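Lettered A, B and C in written order, each chain numbered from 1.
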Amino acid sequence: MDYVNEAWRLLVELRGRTPRVHCITNDAAQAFTADILLAAGAIPSLSLAENEIEAFVGSSDALLINLGTLDERRLAAVERCVPMMREAGKPWVLDPVFVERSKPRLMLATTLLTQEPTAIRGNRAECAALADAAPVFSAFLSEHASSVVAMTGEIDVVFGGAQPVSISNGHSYMAQATAIGCALSALVAAFLVTGAEAPVAVASAVLVWGVAGEIAGAKAGGPGTFRPLLIDALHGFDEETLKAHARIEKGAQ
Amino acid sequence: MDYVNEAWRLLVELRGRTPRVHCITNDAAQAFTADILLAAGAIPSLSLAENEIEAFVGSSDALLINLGTLDERRLAAVERCVPMMREAGKPWVLDPVFVERSKPRLMLATTLLTQEPTAIRGNRAECAALADAAPVFSAFLSEHASSVVAMTGEIDVVFGGAQPVSISNGHSYMAQATAIGCALSALVAAFLVTGAEAPVAVASAVLVWGVAGEIAGAKAGGPGTFRPLLIDALHGFDEETLKAHARIEKGAQ
Amino acid sequence: MDYVNEAWRLLVELRGRTPRVHCITNDAAQAFTADILLAAGAIPSLSLAENEIEAFVGSSDALLINLGTLDERRLAAVERCVPMMREAGKPWVLDPVFVERSKPRLMLATTLLTQEPTAIRGNRAECAALADAAPVFSAFLSEHASSVVAMTGEIDVVFGGAQPVSISNGHSYMAQATAIGCALSALVAAFLVTGAEAPVAVASAVLVWGVAGEIAGAKAGGPGTFRPLLIDALHGFDEETLKAHARIEKGAQ
C-alpha cells in the first residue's frame, strides 16, 4: 500500500464529492470543526434538535460522535443516530474525549464500542482508559478488526489494517490548542465517505492532518495563530507538500 | 439613491450610536457574530435564558433570529421576543439557515414570515426553499414589500425597494468558512437601527460586508486567516476603501 | 511586594504545575477560554453535564463561574460546584458578566458573593451594579477582605491586599473583541492555584494579561487578528517582556 499516493487520491476524491458530515460534538469544538470540514471540501451540519436531527443525519454521508459535551440533547441524538448510520451502512466515528476523567462518559463510550464504530480517534490517555474498561477495544488494535482505531500523540498509530501504520508528522501546537483532535475526528469521518478501506481512509486523514499541522506550525508564532493557519494549510493542501513531508511507515512505534 | 454614500453615512451613524443587538443564533456562530458586531461598533448580547431574555431584548435596539440551532430554549425565545420587537417598532432580522434541509425548520421560517421580519437574509438555496413553501415570500421580492430580502451568493441581491439592487463584491472564502452569512445577518440588524429606509439599510450592510470581505480576502492565505482579517477589515473600514471597491447597481442580476 | 518579579515567579510555577481549571462559562467564551488556559500552561475542562460535572470539578484545582449564559444546566452546576470548592479549600472565581443588564443575573451574583469567591473579576459597570445591589461587595474593596476584586478597564485595579494595586497595561482591542474579560477570569483562576496570597495571584494574572495584550495589540491589524496574537503572546510570554512593559503601582487610580 502506497499510503502517500492513496492519501492524495482520497483527498482529491473528497474535494470532488463534497460529502455532508453531521457532527454531534462539543460546544467548544463546533465552529472550528465546521471550518475544518469546509476547508477539506465537506459540508458540515451541527444540529442537535430532536425534531430535525433525523433529517440532517439521514441526508448526511458520515457522522461524528464526540463525547466532549454530554447533555441530554446529545445523548438522545447519539441514541437515535447511530442505528440510522448502521442501517444505512454509512460510516460513523467515535471521539471519546476525556473518558479517563468521567465514569459516565467512559461507560457510554464502551457501550458505543459494541456498536462497532467505523473508526475511533482518541489520544493515548483516552485509548488507555478504553482498553482498561472494554476488552473489545484491545481486540480493535489487532488485524482486520471491525473498527479502525487512530491513536494520536507525538506519533500517531492507526490500527485495523493488516499491520498498524505509524505517522510521525504534526506539530507541538496541536496539543496546545483546543479542539484540534476533535476536528481530526471529523476529518476522519469525511475521508471515510470516499469508500476506501477504512484503515486506509483513516490513515490518510491522519497523515494529511499531520502534514497540514507541520506547514501551519512552521508559519505560526504560537498556538493562537496556528489555528487559522491550520485551516489555510488544509484548504490549500497540495500533492507536492504531502510528498515532501509525509512520514508514514508500517508498524506501531 | 447614491448607495455608496448612503452606506458610508449609515456606518458612521452606526459607529456613533453603538446600538445593542440581541442575537438568538446558532452555537457555532455566536462568538464570531459577537466579534463582528463589536467590530462594526455595536454591542452584542446572546442570552437565551428564560428569566432574562426579556430584559436583554427589551433594552436592545434590534434582534437577530438565526435558525441554525433550534433547541427548546431558542424556540421559546423566538416566540417571546418577536412580538416584543413588533410592539416596540424595532427591527428584527430572520436568517433561515439550512431551511432546505429540515422540514420543521422550514415550517418555523414560514410562520415567522407572516410576522413580517424587517429583513430576511439567506442564500439562494434557502430563499428557493422559502419561495416554494411560502407564497408570501415571493411577494417580498417585489416593490415596497413589508419585508426586505437580501439573497446572498456570488452576486447579492437586495429586494424591497423601488427596484432590486445587486452587489457584486465579496470573496470566495466567504462561502468556505462557517457563520459568515450568519454574521452578515447580525450586521444587517445593526444597520437597521440607523432608522434609514429598510431597503437602503440592508443594501448598505451587504455592500460594506462584501467590500470588507474583498479586503480581507486579498490579504488572507486561505479561509482560516480570512476570518480574523475580516473582523479587522470591518473594524478599520474607511470611506476611501468603500468608494474604491463598491460594485452596486440597480436591477437583479 | 515586588509585583513584577512575583508575577513572573507565579507564571513559571503555573506552567510547571499544569493545573486543571474547570470552567462554567458562556457559550461564546468557551473555545477562547480553553485556548487561553492551554496557552498559560493549564488544562481546561468545560463539561456541564449533570452526571459528570462532579467528577470534573472534584479533580480540578480551580473553578471559574462566568454568568454569561445562565441556563438551567449551568445554574444547577453552580449550585453543586461552589460548595465542593469551598469544602475542598480550592479557589473559585466569579465573573459577573452583564449583571447590570439583568435582574435575575444580578440576584444570582449577589447570592454568590455571600459564598465568598476567592476572586471576582468584572468591568466597571458590572462592579458598580454589584456595589449597588450588595453592600458586602463594597466591603471587598477594602483591606484584607475575604474576596479579592479585580475591576478591569482602561486601568485595572485589584482590591483585597493591604493596598489596592493599579495596572495600566493593556490595549484598546481588549474591549473590542468578545470574551477577553471572560478569559482573564479563567487566567485568574489558574494563577490562584499557585497558592500565592490571593491579592498577589490576582494582580499577577491581570498584569501578565495586560502585558500580553500590549504585545499582541502592537502586532495586530485590528481586533480580529488581535485574538490569535493574544494567545501567542501568552504562550510565548517571557521575563524580559514582562519587565520591559509592566506598569503596576500601589493605590487605586
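Here is the rule we use: a residue touches a chain if its C-beta (ideal position, glycine included) is under 8 Å from a C-beta of that chain, and two chains touch if they have at least 3 such contacts.
It should be emphasised that the depicted structure is a prediction, and the values quoted were computed from it without experimental measurement.
K.L.:
For chain B versus chain C, which are copies of one sequence, does the interface use mostly the same residue numbers on each side, meaning over half shared, or is it different?
P.N.:
Chain B and chain C contact each other through largely non-matching residue numbers.
K.L.:
Rotating chain A so that its CA atoms sit on those of chain B: what angle is that, to a multiple of 5 degrees?
P.N.:
120
K.L.:
Please tell me the distance, in whole Å, between the geometric centres of chain B and chain C computed from their C-alpha atoms.
P.N.:
It comes to 33 Å between the two C-alpha centres.
K.L.:
Can you pull out the residues of chain C that are in contact with at least two other chains?
P.N.:
27, 31, 227-228
K.L.:
Taking the touch rule as given, give the residues of chain A at its contact with chain B in the complex, in rising order.
P.N.:
27, 30-31, 34-35, 38-39, 44-49, 51-52, 55-56, 59, 73, 227-233, 235-236
K.L.:
Which of the residues in chain A come into contact with chain C in the complex?
P.N.:
Touch list, chain A to chain C: 26-29, 31-32, 68-71, 98, 101-105, 176-179, 220-228.
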